[in-house]
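Both complexes below contain chain A, partnered by chain B and then by chain C.
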Partner chain A sequence: MEHGYTIKSKPIYGALAWHDKATVHLVIAQSQGGLAVLKLFEQMQPKQPVRVLYAQQDTDYAKTLKKVVPEGLDVLNSEQELLDVLKSIMPTMRMGLRIYIAGSEGFIWSVAEAVKAFGVENADLMKEQTDTLARTIYCVHCKAITHNITTNIGKCSGCGRMLFVRDHFSRQMGAYMGLMIDAESPGELPAIEEIYP
Partner chain B sequence: MALNFKKETFREDYTYSNSGESIKRFPFPFPEDQYMYSVNIEPHTKGKPGSVCEFAFDIDEHYVAECLDKRITLEQDPGRYQALPHMMDAQWDFLELTMEALAQDYPEHFSLQKQGLIWTWENKPLGIKDTFTFGDTSTLATEPFDYIGRQLQGDFVLLDHRDETLYADAGIVTSQADWSLAFNVGMSWREWHGPVPRATELGVMDRALKYLLNLQLGSPVRRLNWTMTVNPRLDTSPENYPHWGSDRNTVNADNVADLVHLRVELQTLFRLPRSNAIVFSIRCYLISLKDIATYPRWAKRLHRVQKTMHPDLIEYKGMTKFHPLMVDWLAKFDDGEALTVGTHAE
Partner chain C sequence: MSMINVKVVAIEQVTPLVKHFTFVKEDGSSLPAFSGGSHVVVSLDIGGRIHRNPYSLMGSPMENEAYHISVRKQENSRGGSVFMHENVTVGMPLKITYPVNLFSLAKKGRKHILIAGGIGITPFMSQIADLNRMNANYELHYAYRSPEHGAFAAQLKEKCGDHLHCYIDSQGQRLDLQALLNDQPLGTHVYVCGPNAMVLATLDTARNLGWPENHIHSEQFLSPPTGEPFKIQLARSNIEIQVSAEMSMLEAIEAAGVEADYLCRGGVCGRCELDVLETDGALEHNDHFLTDTEKASCKKIMPCVSRAKGERLVLDL
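This part shows the complex of A and B:
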């Protein structure tokens, strides 16, 4: 394709910033996403109530967060624990809620899926990608999901086919499309390179 | 006029072929010597008798064989049918639209009797007769969209209209040009069109969407889209790409006219009454290069269109491997005569 070709379903993530119309803020972060939360609180300490859920991982900002976030901070030990707490507090959230998510792309879309069940639309989520560019891929042939793909071509966890990672992204699945790379020339693989470190 | 349904296949031995009549009515998509994406949408008004636009939904000699092929594909991969829960009203709207159209336009093959909400549907070519209660899903063996979608040629997507865009929230898709319903379900207009090169930059996609958001009940619209496919295969899905992808390696100068097919999609869109959803119908027509050359005007036109095709479109449509062979074969029909605008065969 000529220069300038992009697949428009690829999500573009920005940097977190407070919504001034919110009546309550829910900030959800993992690992290096903690830094994004600290930057958010540097912008200001909002007047409205804030709830922060943070999952510690490789990098840990819990100590600093405890100093910066005056109240409403929960530090959890894993993504799963965080998602469980999130699901338990969602029913108590009021109208005017704004949600902010910072973490790996896999984390962002796990959170998006969890809150969708409570009627929160994708458009109401602000997202910042941190930690890694690693991708979740959906094998279009056997339908298996494979996490943490860091290379242009990845092996399907379901059928073992070598999949080319397309930029085509499905919000529903939180995954990129993986398409068999050597269907037209079995066994001939291009160089496998890390491009999503 | 009673149709003569053919026995033929769209896989393995590929016995599919077009009769002379079928070639003549083929929806040839190129009115000019050049092609680029455009907002080629027009009202879906009644066409000439015998043409593919004579009726709302075209049934032709391939009907029975195509429904059989669809059944095989759905059996192997039930994921080719998807419907999000909020689309049930649209499903019944769809069933009503299609059953009424078929019964009215092809009375010798289909009939619909209504006694209040108790409806009896008969499909003679497929040997189906069922009585059910309109609006009551428990009275049909499958969901209504699945039930009638299997009895129609072509693919269908039901679009939910919200947030100033359209969402592909249901579909029955077994004859697609390389896109996946299971992956696309729930996507918005911009997302599912994400991979199409150049069209967004040309402003085609935004204008087309604007047009569709205004689609009125009772005023359907249509457009043609096209690609080239090796073998008359309906199921050129990404799901089964490992099965058909290597067919592209089999094309050579001797067999190009038999193997390479022009694949035209007659796409029609209808607003639905209760759900306010939109039906997107994609009716696929296949014709070999050899059969196109029945009409020298078409062969000349196709030669010029292909010779000047934008490289991004050659790549996106998967034609890279056999494109030069196709252009060479078509060249021998092209004497350079000026052709007037129009898709007519003669």
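This part shows the complex of A and C:
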């Protein structure tokens, strides 16, 4: 982590809150993001139609969601299944759709990428990070993507280099930049610590 | 601010109230490239007082031999547009700023809906050239008072074909914003330029339908309102300046020989913002840039359109 200043490219996530103006609300969540959805429904019940897509994992809010969300809830068994349903409903959506996403950073950006193909821009999305702080990194040397890095230094899944995880985030790839750490003196590594639990 | 020396090579009366001016560079070289939606500020010496008015560039951004602007005669304005209509002649040298774009097309847009009222058509003329070149999905909705006021309607028909929809008020044709914006595909952007009521109605309609802010674009340069004369002090320059009833604060600062930043001179871009160090009276904020909280705090002012009441206003300049 880099101290003393903020790097603009590190995304800032907020807490979900309903837009009061919309024609349709689409809430997309994964695992612990279910809690964010429950909090959202505590705020109020929007007048406009609501659709909720929820991918359940180990922590499971599906049961409670079924009680709280009156209609339009889809519980899916994996992120992939959720993305498939999402892609099937997006073509019916028009301007006035508001999208809310809650889940891990990796999940948020897979959803962002999926809806981008339908003309929804990043700035249009409301996002809440839940679950893990684990980072997806892209290796600047071999371009491979490695998921679930919880430490300051991680091993590239492509070329095996030890990469230092920077705060530099690419929205296109939904991943942080990873730079070879021992380029100058191979094998000499600083302590590896868990900082993105 | 560095200026370009141009000369007027053609003037054409397009409607009873609108004149079209063509400029080329005085030394015959090419003009700087620009993007659709850009404007320049034309500087006019009216009886020793410098007026600076922003006008949209209307030609194709691909053409850099000449710039084109259109000016609507504003009878009760402070004289800039009347001077353009009555005193500017072919062959006359003028100074203009480099083009600045505060109304550019959204690059990620899938579809573009352009809404123009009257002379508000001008920034769209250059955008249309860009949209046609990109083969983009767009619609141009152009509303005007009566057939003789439809400046460029014929020209637009030729350029835009089916993309163009005209609404002639005197023939009872109205643009239904709700119906227009109600059912648009994701990735649509709306752009509006025209009279205040039309701009506000468009913004309102789009927002009420849940369109995200970054899909809604407007351009509306305010002309500096006149008012009571007042005095200002410039702390860094250490001078006191009288702002007359007719002048804007920015013009008075410039007339006193102090360099001040600006881009739009119409209260929208934010470039001219000045810090208020001290004030004993009410500030008349006329801009569309500062938030209501900022306006209430009396810590900042936009000198291109805003004024003040009271005896003392000290600015950090």
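The rule we apply is simple: the second predicted complex is superposed on the first by the 194 of 197 C-alpha atoms of A that agree within 3 Å, B and C clash if a C-alpha of one lies under 4 Å from a C-alpha of the other, contacts with A are read in each partner's own complex, and residues count from 1 in each chain.
The rule we apply is simple: a contact is a pair of C-beta atoms (placed from the backbone, for glycine too) under 8 Å apart; a residue touches a chain by one contact, two chains touch by 3 or more.
From a predicted model like this one, the values you see are computed outputs, not experimental measurements.
In the superposition on chain A, A:Lys21 makes contact with chain C only, while chain B stays out of contact range.
Within the superposed three-chain model, A:Tyr138 lies in touch with chain B and out of touch with chain C [touch as defined at top].
Look at A:Met173: by the touch rule set out above, it reaches chain B but stays clear of chain C.
In the superposition on chain A, A:Met95 makes contact with chain C only, not with chain B.
Of the two partner chains, neither chain B nor chain C is touched by A:Gly187.
Using the contact criterion defined above for the overlaid structures, shared-chain residue A:Phe118 touches chain C, although it does not reach chain B.
Of the two partner chains placed around the shared chain by superposition, neither chain B nor chain C is touched by A:Pro197. The interface of chain A with chain B overlaps its interface with chain C at residues 123. The touching residues of chain A, counted against chain C in their complex, run 19, 21-23, 48, 90, 93-98, 118-121, 123-124. Here chain A touches chain B in the complex through residues 1-2, 4-5, 7-10, 123, 138, 140-141, 143, 161, 166-173, 177, 179-180, 183-186, going by the rule given at the top.
Interface residues of chain B facing chain A in the complex, by the touch rule stated above, are 79, 163, 180, 182-187, 190-195, 197, 200-201, 238-242, 245-246, 248-249, 311-312, 315-316, 321. Only residues 108, 110, 181, 183-188, 207-212, 214-215 of chain C touch chain A when the two sit together in their complex.
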